[in-house]
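Can you keep this structure in mind? I'll have questions shortly.
To keep things simple, chains are lettered A, B, C and D as they appear, and every chain counts its residues starting from 1.
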């Protein structure tokens, strides 16, 4: 297990300069997630245009993994449809080994190869203690989407 | 440790035919003792004539040791003065190794030699689990005496 | 009979001497002995993976947490529950107090009734008394029949709409009686009451399936089922646990703590305030694994065989009275008895001198003892490591007691 | 400095590897490691003398009872208490809940106040919140000073006649601060309030004398003082324990049980419902014996030395902030810190990869974390088996964290 694989440049960049980091004025949906054991907190806010995420905010405090995951997620879902997001969430969970993939065979060396930038988070998979950090924003996203329905 | 030393004839006799086993009409003092762990129960009632125990009752349910001890005790205190009883209680406790004796050296083979009939209880000393059975009526006696004051 | 004699060497204490005789341990209803697998699981944890759980950001703590949660999953599987439905605590007593305080204190009202039975252990009486003081609820008791079965008809006739909780032992620790929990649970549910089960004696000795029983809450102890002291289990149906308030507060069981109020963690953590009994949970997991390997069917049939043999041989002793059902299919391996006018405490002392450990007294069931008119009884109880010759030794010891007491 | 380096071989886990490095355990404030003497005391009990206590009429049970009661006497002696003033339970959390429920629920009223401090562990906050819901009492909090000492003047000014309980930690598990309990107890008593002490961090690390402190109640855990999990201690002054109602009901703690009410056993048994943590008490007794052999003076001076060294070396790291007193005489060995903008959880992961176990988070003290404006901190904490080179490894690890995060 290499620390450099966990703490990739792009992760530290998202941690220090989180994207979509300002509250929305009147979000259509929002949710707060927290991890009581380590204290990570994430708030996700969404605006929807029909089925499509027209704006998103991801704001929080916590470790580099949770905050970078939130920031990268906010970029990834921006402009996507509900269906595209579902697919993204699924792929993310497969990458993190939270879910098994029924369809594709996952390359153990590059489990995130289908996820673009988010692939940077695949190092987390080898640090079981930290998977819940990476996962927190995604659970919160699903709750925010539900609250917008 | 010999069981025959514990269950002497005289103990079984007192167990089966307890002396002073009828309630007094209007006792000057009385107390109830019980051992919540084994369920032994003893009630001691007393009449006093001045400083002297003019009548006594010892009634209870429980094991042979507790009930024989009560019965033998009732015989031993009958007619005795408060002071004589204190001395008896002290000797009993020395025999049972509950108290150390400051005055006399106790013969380990016959620790109850100063106690007449009550000597029969000295076998209990070797059965630590049972000492509290033998002791129960004596604790209750002291409470009954106090209540008569 | 499934012969479990070969497992005796798994229990180091059975090699010990007692008062010059090989130890014959017939008090498993009070606490069981422990196999090496359990003792080693505890030592091994302290030697290799000891850390606090659910807290650390390091591998050792994560390993400890995994072991702890695996133990939970194993225990849950053993009673056919979901792992979120199993909270660890100190023992049956603690678990029943948790239900009484967590559910009872917040839901019972004056006029409500809690229905117990006359054969309950103090652990299933006193918590309800304590809570009824605060709530004004009343305790009522179902009797037992002349053949020492729970009087189910009488119980059902007591079950009116004011009864909010029915709390009954699955197996009596004195009479040995196995109660028809599913039948009682159905009746309780029809009347709108919760079914709480004291399974302290059942889980160690027979297959317990919380779904089949339809128990709402169920409590048992580790130390009576080959596991360590200091640990017990509260099972509760998920929705009930989710709705129930925690009885104890502290670390681990919170989601957030503000100065004047707090919010709770998810079940089952909500019910595990503070550092849990970690090594003990792991030890209990090892005990469950051991029992699963034996198979609970084998455990039960071994005990049925021993109990039948014991009832037979004890029944042949003159002046001996057994308190409990005679049909081994409806009872467990706790056999309570009296012998002539020899007080049970004296019986125990005489047996002890022959290396035989039995219990004497009210067995933490004074209301039962009172209603039996036997303030004290002697009790021999069996488990997986007992063998027929233990019963033979018991019978010989009782003959000796008759002799010493000159019972003709 | 008293060099305790020679005792490291008593702790088997220190021989383990972690992520390819020798394990360096710096999380003793969460739970301590266990010496062989303690592990063997537990195994030995299960292998040779296991039986239930206070119940049996046989030698084995009597031996177990003696061992259990000897452990009680040893623990009582360790804090200068009478053995009747020491009740065993599940841990500090459990003990504080016992006081909150046993004393608080029966004595607090609307208008009453419970005075805590901002540096309390959740275990000394949430039980009071739970009980105040039922009683209407209000919780108030004493602040700490800029130098992380308890603000005793502020505390005293909050201490009016409505305050019925003052409950304060003797040593903070985050800041390390040692609080002047005797001084606070005197003030509490003058105001007519009870003094409750959370000694979870104090008893393991320094001489605690309940008489000198004049504590009314005091709570601590076995697992933080070289002992097993699953056991803790509630100390209470004899007259207070005698007057206090038990929180839990069940077997062992009763004098008599009738159908509708019960009477209680003598202290401390009144507070030990059900089968107690027997092996755990014996293990804790062995831990106390071990600590007594080292001598608590030696333990404290070893930790003072290590803490001074750590404060020194950590203080030299750029962008590192320590939360806690700088004077080692007024603090224990828990050192909480943050490093630049590297999140404590990330620090812990990076250290873990070098075999170093520290904790990151709110340390079960969210109100403190909030007031520190440090929702999470990293915390290294020391015990008897730590040595200076552990601190060196920590410092090297932190330099590595700076590197990975590109902190200039």
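As a working rule, a residue touches a chain if its C-beta (ideal position, glycine included) is under 8 Å from a C-beta of that chain, and two chains touch if they have at least 3 such contacts.
Owing to the predicted nature of the structure, the values given are computational and were not obtained by experimental measurement.
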Pair with more cross-chain C-beta pairs in contact, given B-D and B-C: B-C
Maximum centroid distance from subunit C, chain identifier (CA atoms): A
Where subunit A and subunit C are represented by their mean Cα positions, the distance between them in whole Å: 47
Between subunit A and subunit D, centroid-to-centroid distance (C-alpha), Å: 38
Residues of subunit B whose C-beta touches two or more other chains: 37-38, 129
Sites on subunit C at which at least two other chains make contact: 19, 55-59, 61, 254, 256, 344-345, 349, 352, 360-361
Which pairs of chains touch, using the document's own definition: A-C, A-D, B-C, B-D, C-D
Partner subunit A, residues of subunit C touching it in the complex: 54-59, 61-62, 254-256, 265
Touching residues (chain side subunit C, partner subunit B) in the complex: 19, 341-346, 349-350, 352-353, 360-362, 369, 375-376, 404-406
Complex contact set, residues of subunit C against subunit D: 12-13, 16, 18-19, 23, 25, 27, 30-31, 33-34, 38-39, 42-43, 46-52, 55-61, 89-94, 96-97, 100-101, 105, 121-123, 125-127, 129-130, 134, 139, 141, 221, 223, 228-231, 246-254, 256-262, 273-280, 344-345, 348-349, 351-352, 356-361, 364, 366-367
Touch list for subunit B against partner subunit C, complex: 1, 3-4, 6-7, 12, 16, 37-41, 61-65, 67, 127, 129-130, 133
Touching residues (chain side subunit A, partner subunit C) in the complex: 34, 36-38, 128-129
